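What follows is a group of structures, each given as C-alpha cells.
In the two assemblies presented below, subunit A is common to both, partnered first by subunit B and then by subunit C.
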Partner chain A sequence: MASSQEDHPLQTQPQPRTLPPPFNTSPAPCVLIAQGAESLLYRTTFLTPTQPAALKVRPEKKWRHPTLDKRLTRQRVLAEARVLVKLSGEGIVAGGGGRKVKDPKKGKEKESGGDGGGEGVGVGALRGVVPAVLGLDWERGWIVMEWIEGVTVKQAIYARDLADEAALKGLLRRIGGVVGLLHKAGVVHGDLTTSNVMLRPTVSSSSTTTEEGEKTKVGDGGDGAGLDGDIALIDFGLATQSISDEDRAVDLYVLERAFGSTHPKEEGLFGEVLEAYGESMGKGGKVVLRRLEDVRMRGRKKSMIG
Partner chain B sequence: MPIAIGLEGSANKLGVGIILHPPTRDLTPPSPHDSAYSDDERSSQPSKGTPRSPPVQILANLRHTFNSPPGTGFLPKDTAAHHRRWVVRLVKQAMAQAHVQLEDIDCICFTRGPGMGGPLSSVAIAARTLSQLWDKPLVGVNHCVGHVEMGRAITGAENPVVLYVSGGNTQVIAYSAQRYRIFGEALDVAVGNCLDRFARVLNIPNDPAPGYNIEQLAKKGGIMLELPYAVKGMDVSFSGILARVEEMAAKMQQAETKNEPWLDVATQQPITPAELCFTLQETVFAMLVEITERAMAHVGANQVLIVGGVGCNERLQEMMGIMASERGGSVFATDERFCIDNGIMIAHAGLLAYKQGFSTALSDSGVTQRFRTDEVLINWRD
Partner chain C sequence: METITLPHLPNHPLQLLLFRNVKNAAFLRQQLLDGNTDFEYAFLDAAVILSRQHVLAACFKAINGISQGRLKSKNVHSEIVFDMSPNSNISESFRRFGVSDTTKDILAIKVAPKDPAQVEQHLRDSVRGTTIFITDENLASMTDQARIRKAYKVDVVSQEAEAYIIGCIAIKGS
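After this line comes the complex of A and B, so read on.
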C-alpha cells in the first residue's frame, strides 16, 4: 500500500467493502486503516483477542482482466509472504517441506532466484524490522501479519522540527543502514517510499491508539521524539529475492525519486541515505551506488518521441 | 487579446494551431469557470485552491500525419521531409480558417523538444522563418507540458494526476510547486512504441495510427494469454513484454504456415492476431492503470487526466474510469483532436508562458531530443 495512514482522511468509498472469509464472520473487530493503491489495510486481532494484527487484503481490481487479476494477486500474496517469512526467520523456509530454518551463517550465496533462493542467507536477518506473518490465503488474497506500532517516516518528516537538521540526517542514515541490511539479506523491496518505512517508538509506553485504532504519533507530542525510533519496513508487495546490482540500484532509485517528489525541501539530504547504505553494505555497496548513477542517467537520457 | 500560433512536429504528426486566450475580467487569478459558464455569479474574492486552466478559444487546429507502409516505422529523414513539404500549406490554411491577420498574432510557438531530431529541426526552421518574416517573438515549448496544459484546458480538470502516454513518452505526472514532477515512467520504451513495434511484426497498417488499428483488432479478441508484467514501484518496463509478444506472433505465424493453428490451452480456440492484440492491450493498460493508481494514492488525488496519443484508446479510458470510480474519483480524457500530437497544445502552452514574460531568443531557439517535463518552470500556476 503506497499511501500512508494519516495524511488524507479516507474518502467515502462508492462501493461498500466486504471482508474476505474468515474475517467476514469473525467477531474480532476489523478497522480499515488505509486504502492504498494495491491493498486495504485493517487493524484487527488474530487467533486470540490479545494479539493485534494487520490484515492486508488485496481486493479484486475490476479494471483488470480477471485472469490477470487472479494471477497477480496470487503471485503477490505468495511473494510477499515468502519474503517476510524469510526475513523474520519465523517458521519453515518457503519452498521446502518441513525443512528447518537454517543458521544464516552457514548459508551460501546463490544467484537471484525465486522462493528459497540463497539458502539460509538472510534468514532472520531483519527480525523485528519487518512484520512477521501470522497467516495467509493466496486464493482470497489476504495476509495477516504482526501489527507495527508507530508512524510512517513520511508523516514524521512532515511533522519534524525544521531547525533540527541533525535529527533528519540521523534518520536518513538509519534508513540507509536498514536498506543495506535488506539488500545484504538478498531481498529487494521494490517499492521503497517514505510511506513504506516506519518509525517505531523505542519506549513502549509512549504509543497510544485512538478508539478507531488509527496509528498516532510517536510520543506525547514532544517534538524531540519526532524522528527517533527504530526503523521498520512494511509493504513487501513488490519485493523480490534478488542479489543483482541492477535490482538493488533500481530499488535505491525508486526511493530517491519517491523521496524527492514527496519531500522536495529535504531532497538535498538524500545523500545521507546512500552513504549509510554504502557503509552498511560494505564492498558490494560501492558497485550498487555506481550502478545507481547509470540508472539515473537512463531516465534522463531516454530519447523521447512524439 | 493574446493570440498565438503553434507548430508541432516532434514525431510523424505535423500540427499547426492558432489559439486565443480571452482576457479574464480582472487581474486576480483566473476564474475557475470555463468559457461555457457565465461569470455573473462569480464572487469578488480571488478563487481559492488550485484554479482551473483559464478558458481558451481554438481558432484553428490542423494536422497532417506521415505514415509509413505496414511493417515499417517512420524514419527521421522521411518524416522531416514530410514536415517541410506540408508546413507552409498548413500555416496558410490555419490563418485562413482562423480569420486572423499577421498583426493579430502575438508569438510564434514551436516544439523545442523532446522528440526526433530531424523532424523537430524542420519545424523549428519554419518557426524561426515566420518569426523573422513577421517580426514576432518565438516561444519554445516542451512537448509534454503542451499535452498536459491542453488536457487541463479542454477537460477542466483542476489538479489531476496525469498519465501521459504516447509513442515516445510514458509518464505519470503530478503538479507540485511550479513543476510537473514525474512520479513514474517507462524505464525503457514508451507504451506507444511497444504497441507500434508490435503492429509492425503483424503487418498491421500504420494508417491512421498503428495503435488505433491494434485497438480495433483487440475488440475482436477475448483470450488472455500470459505476458510478463513488469511494474517496478511506480515505474514500468515494456521491453520484456514486447519481446515475449513478438515471440508469440512468430509462433502463431509459424503455426499458420504449417497449417496447425496454435490453440489456447484453456479454451481450445485458435490464437489469432486479434487475441494477441487483446492480450497485449489488457496487460500493458493494466500496468499503466496500476502505476497511475499508485501515484494517486501517494499524492492523495482522485482525478486522472489521460493525454497523449495512446490516451485515445477507449479501452484504456474505460479501465482508468473503473479504477478512478472505485476510488471515488473520475477520469478526464480528450478526443483525438487533442490526444494526438497537435499544434494547438503548443500554441496554448506557449501563450501561457509568453504571458508570463517568457520568450526564446533566436540564438537560443535550437531543438533538443531530450527535454524533461520537470525542467520547465510552470509559473502560470501557483
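After this line comes the complex of A and C, so read on.
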C-alpha cells in the first residue's frame, strides 16, 4: 500500500501558532472548534487519516511562572485523561468495578477512601457515553480523544421545537440517567453544564459513514427531532474519583444552577433529570437527592450573605 | 508489506510486515539480544495485538516521545515494544510483547526506512514465515485472549476493551 500521506488534504494555511508539537508542523489539518478559558479544542484526525478526533490543548500561560504553569497543566491534562481511561474500562477491567487509576488529586484523601471505584455499571456501559482517550502528552499539555458527533445539549435546547415538551423531557431524563451511571462508576464530573453534555446522533446499524467518518447530525433543524440522540459527557478537566454523597449532590447542584441560568424557560422541567438520576443510581440515589436539598439551602444562604 | 504514515507524523512512515507461523523466532530473538544492527526492527508478538489501532497507538506514543526527547529504552524500535505495555517495566514489556522463542506470529515494524525495498527483502529473507495482510481480522485470528487479559489486567477482550487498552497506553508513564 502506498504511503497515506496523499490522503491528507493539503494544508493550505500554516497550523495555528498555539498548537504544540507534533501538531504545529503536521500536514493534517487541526481546525479550531472552541476556545475556552483554559483550553483550545481542535477537530483533527488521529492514528488513521479517516478517524476524526478531538485535540484538546492547554496552552502555556505566559503570566504564570513557567515551572508552576507546567505542573498545573500536567495535572489538569492527566486528571482528565485518567478519569476518561478509568471510565472506558468500566466493566472491562479485571476484578470488576473501575480500575484503580491514580487519583488525579494525589495526596488529598477523598471520602471514597481512594479505592477509585464505585459499584461498577456493567461491561462497557460507559463506552460511547464518554470519549475514549487516543493519545496524550502531559508534558506538552495535550490530549486527543474520540470525536463525538452532534451538538452540545445547550445548542440542541436552544434550537428545539418549543411545542414539543415530551421530547425535552425525554432528553432531560436521558441526561439524568447518564449522570447516574457516571456517579455509580465512582466519578463526579465537577463541571456539569449543558455545554459539557453532548447529543450525538444515534448510530443505527444501517447508518452510513462517509469518508471523513462523518455521520449525519441531528439538532441543526428547529424541529423536535433535534432532541433525539444519545447523551455523551465531555470536559472532564475538573472530574474526580469520588463516591461521596456530598460530591455527588454538588455535581447535581452545579448542573441545576447552570441549567436554570442557561435555559430559564425550561428550568421548571429540571425535575426530570433528578427523577431519572434517582432511578439509574439505584439505592444510593435517594440519599444523594436528599443531600442535594442541603446543598441548595447552603447555596441560598451563601447568596443571601452575598 | 504496508506503509502507514500516522497523521501528524509525516517524517516517520512505518513499514509493516505481518508473518504467520514463524519457524525461526529463537533466531530472531538472538539477533536482537546480540544487538545485530541489521535487525533494527520492532518485532511484536501478534498474540498480544488486539487490532491495528492498538499497534498504531503504541507507535505514535513511541515516536512522539522520542521526538520530545523522552527515550526510555534503546531506540525507536525497542520503544514501540515498550509502549505496547501498560506499565513502565522494560524487561517485562519485552517479555510480554516482544519476540520470544515460542512466538508463532510476528508483526515486524520499521520506522522511517531509508530503503523500503531493501528492508522488505531483508525481512522476507530473515523471517521464516508466511506474510499476510495486516487486517483486523487477521490480527484477531492470532490473538491469544488469555495473554491479553493478563497483560492489560482485563476480563474482557473485545471491541469495548480496545478503547481502554489504548487509553492505558496513552497514560502509561504518568
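Just so it is clear, the second predicted complex is superposed on the first by the 223 of 306 C-alpha atoms of A that agree within 3 Å, B and C clash if a C-alpha of one lies under 4 Å from a C-alpha of the other, contacts with A are read in each partner's own complex, and residues count from 1 in each chain.
In the analysis below, a residue touches a chain if its C-beta (ideal position, glycine included) is under 8 Å from a C-beta of that chain, and two chains touch if they have at least 3 such contacts.
Being a predicted model, the structure only gives us computed values, none of them experimental.
Looking at A:84 after the superposition, I want to know if it touches subunit B, subunit C, both of them or none. Which is it: first, second, both, neither?
The second partner, subunit C, only.
Between subunit B (first) and subunit C (second), which, if any, makes contact with A:193: first, second, both or neither?
A:193 sits against subunit B, while subunit C stays out of touch.
Check whether A:121 is in contact with subunit B, with subunit C, with both or with neither, and answer first, second, both or neither.
neither
Determine, under the contact definition given at the top, whether A:62 touches first (subunit B), second (subunit C), both, or neither.
Touch partner of A:62: subunit B, not subunit C.
Which holds for A:140: it touches subunit B only (first), subunit C only (second), both, or neither?
In the superposition, A:140 touches subunit C alone.
Would you sort A:22 into first (subunit B), second (subunit C), both or neither based on which partner it touches?
Touch status of A:22: second partner only.
Does the superposition put A:72 against subunit B (first), subunit C (second), both, or neither?
First partner only.
Tell me which partner A:292 touches in the superposition: subunit B (first), subunit C (second), both or neither.
It touches nothing on subunit B or subunit C.
So which positions on subunit A get touched by both subunit B and subunit C?
Dual-contact residues (subunit A): 1-3, 8.
Across the complex, what residues on subunit B touch subunit A?
10-13, 113-116, 143-144, 166-169, 174, 176-177, 181, 183, 185, 187, 190, 192-193, 224, 226, 229, 231-235, 282-283, 286, 289-290, 293-294, 296-298, 300, 302, 309, 318-320, 322-323, 325-328, 341, 369-372
Can you check the complex and tell me which residues of subunit C touch subunit A?
Residues 2-10, 13, 52-53, 56-57, 60-61, 64, 67-68, 70, 149, 153-156, 158, 160-161, 163-164, 166-168, 170-171, 174.
Provide the residue numbers of subunit A that touch subunit C in the complex, in ascending order.
Residues 1-5, 8, 21-23, 26-28, 44-49, 78, 81-82, 84-85, 88-89, 91-96, 99, 101-102, 123-124, 127, 132-140, 146.
Mind pulling up the subunit A residues that touch subunit B in the complex?
1-3, 7-8, 11-15, 35-38, 61-65, 67-68, 71-72, 190-193, 195, 238, 250, 254, 257-258, 261-262, 264, 298-306
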